[in-house]
Amino acid sequence: MKFRTLLRHFRESFKNIGRNGWMTFASVSAVTVTLTLVGVFLVLMMNLNHIAGNVEKDVEVRAHIDNAANDDDIKAIGKKITEMSGIETVIFSPKDEELTNLIDDLGDNGDAFKPFEQDNPLRDVYIIKTKSPQDVIKVAKKIEGFEYIQSVKYGQGYVEKLFSFVNIARNIGIVLIVGLLFTAMFLISNTIKITIVARRKEIEIMRLVGATNNFIRWPFFLEGLWLGILGSIVPIGLISVLYYNIYKYVAPQITFKFIDFLPASPFIYQISAILIVIGAVIGIWGSLMSVRKFLKV
Amino acid sequence: MIEMIDVKKTYPNGVIAINGLNVKIKPGEFVYVVGPSGAGKSTFIKMMYREEKPTSGNILVNGVSLPSIRNSKVPLFRRNIGMVFQDFKLLQTFTVYENVAFAMEVIEKEPEEIKKRVMEVLDLVGIKHKARMLPSELSGGEQQRVAIARSIVNDPKVVIADEPTGNLDPETSWEIMNIFEEINNRGTTLVMATHNRDIVNNIKRRVIAIESGKIVRDEHRGDYGYEI
Amino acid sequence: MIEMIDVKKTYPNGVIAINGLNVKIKPGEFVYVVGPSGAGKSTFIKMMYREEKPTSGNILVNGVSLPSIRNSKVPLFRRNIGMVFQDFKLLQTFTVYENVAFAMEVIEKEPEEIKKRVMEVLDLVGIKHKARMLPSELSGGEQQRVAIARSIVNDPKVVIADEPTGNLDPETSWEIMNIFEEINNRGTTLVMATHNRDIVNNIKRRVIAIESGKIVRDEHRGDYGYEI
Amino acid sequence: MKFRTLLRHFRESFKNIGRNGWMTFASVSAVTVTLTLVGVFLVLMMNLNHIAGNVEKDVEVRAHIDNAANDDDIKAIGKKITEMSGIETVIFSPKDEELTNLIDDLGDNGDAFKPFEQDNPLRDVYIIKTKSPQDVIKVAKKIEGFEYIQSVKYGQGYVEKLFSFVNIARNIGIVLIVGLLFTAMFLISNTIKITIVARRKEIEIMRLVGATNNFIRWPFFLEGLWLGILGSIVPIGLISVLYYNIYKYVAPQITFKFIDFLPASPFIYQISAILIVIGAVIGIWGSLMSVRKFLKV
């Protein structure tokens, strides 16, 4: 292909955007609407995933140390735990601190236990966080076997349920987002297909006056690209502005421990990139797929 | 140049449009194809540029065997043929100028050459002043002339025209025929289906008469032949 | 019956198609409209059934003033007129039968009557055997005959035809003209744009010649007039 | 309109489904895909709403009774609470039970508090559930003013946060489902519009041969209806089968306290009805809207 022909294809693809006015509009608006949907869900899902990660990270192993252990034994245990694989942090919490915490946790009821401060019935505790939350159970089981460990707590029952809950939520999220992506692909390419089928006479005529398949395909390829890009402008703008404002004004007012949002700065750019790529790829794909069947005859 | 051997064409709906046809057209010939409505003239012509494939038999055009040519090669083959379709087949979203220029862009001509040549042929058929209009803004005859302009813009070796004067008044028809005669004199083969008795009887050339998908007459300098 | 008073028509792109035209066509008349390609014949005819509105002037058809008629009343007005369009305007997804029947369904005729009458007119124009086919499966001339069949199926008071023989061989053209003469003898007004010199010169009727949007000639039993 | 003309319109609308083969297919599949999406989200959202309701319902007010109150006083308080408006249940929990619960809740740590069984430092408690969870705070405030009430607990801070969390979740859900519905409406009518614009010549010709607007509109109206109904068959089937199986096999395995699903039996019928109505309404609407602009000329 000569360079001037490539130029011609670019020129032609722009002209076609105008020539097929309402069809362009219909395709672009289908892309716009679908990508907005995909974008909103991506934002929600990625943030939920982030929050789920926070929730999981909060899980810790509490190793209660037998009163029989002396300071050296305790230090030895601490060292041994630190040296295990997959450990993130190991914090020592002496029994006095444990009691204070307990009393604080119980609130008003706790006051009743104040007398115990003289004769603390609790144990010293190592609080361990693992690098991967899923390791918690394995680590707990191992520590249980150590000397001078009276008992190991990691919210048995609770942690398993939490993990399976977070997993269900994540899987539903993934299924939804993948389903949504396929839906978007289908809907966009369906729309593009109809507009191109409406132009099948045009393609037929082009072939009749000697245009090769590639010659016909090029402007359609470029048109698909422009459609995709044009269609992703509004969703990108909308989601960026909304997310930026939510992150800036709404997020700080939500005071739950686990709920924090992905920082706007790289996230908006990531989402924008994802959306424009999806738009362009589906636009091109839809366009080429639709032209294809009219090039066979 | 153009040769058909035992050609038959049955459309998918069972209509037999061409029923055993042999013909040979030499380079530089000027051939009228005549016959009643529905006789198979358009089908005969469509097979020459492979808009339709024959059901059986063989067709050779410029040495190319059309039934066996690969689909992707068809456009390249068509570049040597100028075609005027009975229903014009203009690109509706393209202007008159763009419609004619398209046939030149396809063979990657230089933009300056395209510009010059397109305006030249549009002038020839008398619609230069409508170059910027869309086909839907033209009268029937004007559209037909755009189709004619497109068919000759690349100086093809063969021009195949299906009732190129069906929508034209006699005067314009004669102008078009003058153009066709001129390009034929320059060596271009011309095949033309027509109902125009005046033209056939006045510009005497080879006449092929088709009836019910068969050649019933083939005369060197023939008459239109169907009397009123 | 049909009266145009100082009619002008400028298309949105600035082309002046009809430029001050006065004419009166009486009930039962048979009028040829002739003129070169692009003269304004189709525009003249399109204004009679209000496919196009005049830019200025008034048009009366069957006593109805077309420029001022409400859009929703236009279809009702058109029911008294049979039209043959230069580009046929057949419904591409409807069969030949359905295309013709549609014009009768619109006026809520009885199914049995529709069936009988449609087959009757299809037979009249000689394509009864193609009743179940789609327009895309027909030759140019066959499509034109379907369009003609549709225009006369409801026995309209006026038939307006734009080059109804443009795609027909002379023999079929004469058959169609016989049909037109017959319905004209029965009192139907007939307006027909044509390029067919043979017909105009042999079936002598009123001839209106249009050039550049103006009537340049209006003769009672005229000639086609344009010499070769 | 004569009756036989109505019949003709029905016949014609069915024929058109076939005549416009690929266009019908494109429209129906757009309806199918979009309604599947809407259906899945409806199912999720309605269940989430149900679960949120369960979570809220679990909120209770705990009124601690002063040790100075005698049995009659306690009964009087109980009666007074029961007579308040908006109260669902009132349960009396004596301090012995409270201690047992506390020890159970604390698990191993709790053992250290066993000695208290002889000298219980806790209080008798009334546990109150309100009819509407949002009333909890109001009720708590009122009871606080009663005689012999030492303190009232309803998870101050926690309840407010829970409610605002559930509210946020609900609002996001409503926004999503409304957004999705509009998206579906837009996408379906957009697709129908393109297929009908591709048929504008048909409409033009019909008008030229004397068809009134109503005559043209009727088959399109019916076609839109069939498109919508055809398009909702797959989503309804899919969602019914999936939900039935999830409800039967997956749901019982989820052992979280709050997570229980809406029973399949009426729910599936409700969803099916919603989907078919949405499909039919959007089909008709899209079809009529698109024809409209070609009927003006």
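To keep things simple, chains are lettered A, B, C and D as they appear, and every chain counts its residues starting from 1.
In this text, a contact is a pair of C-beta atoms (placed from the backbone, for glycine too) under 8 Å apart; a residue touches a chain by one contact, two chains touch by 3 or more.
All figures in this text were calculated on a predicted structure; none of them were measured in a lab.
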item: Subunit D and subunit C - chains in contact with each; value: none
item: Reference subunit A; chain at largest CA-centroid distance; value: C
item: Separation of subunit A from subunit C, taking each centre as the mean of its C-alpha atoms, in whole Å; value: 67
item: Distance from the mean Cα position of subunit B to that of subunit A, given in whole angstrom; value: 61
item: Rounded Å distance between subunit A and subunit D, as computed from the means of their C-alpha atoms; value: 25
item: Subunit A, residues touching no fewer than two other chains; value: none
item: Chain contact topology (line, ring, star, complete or other); value: ring
item: Set of all touching chain pairs, with the criterion as stated earlier; value: A-B, A-D, B-C, C-D
item: Interface residues, subunit D side, partner subunit C - complex; value: 1-2, 4-5, 8, 16, 19-20, 201-202, 204-213, 215, 296-297
item: Contacting residues of subunit C [partner subunit D, same complex]; value: 49, 51, 71-72, 74-76, 78-79, 83, 85, 89-94, 102-103, 105-108, 110-111, 150
item: Complex contact set, residues of subunit A against subunit D; value: 22-23, 26, 29-30, 33-34, 36-37, 40, 44, 64, 102, 108-109, 112-113, 116, 121-122, 151, 153, 161, 165, 168, 172, 176, 179-180, 183, 186-187, 190-191, 193-195, 197-198, 254-256
item: Subunit C residues within the subunit B interface of the complex; value: 11, 13, 15, 34-38, 41-42, 86-87, 133, 137-142, 144-145, 163, 166-174, 195, 197-198, 202, 224, 226, 228
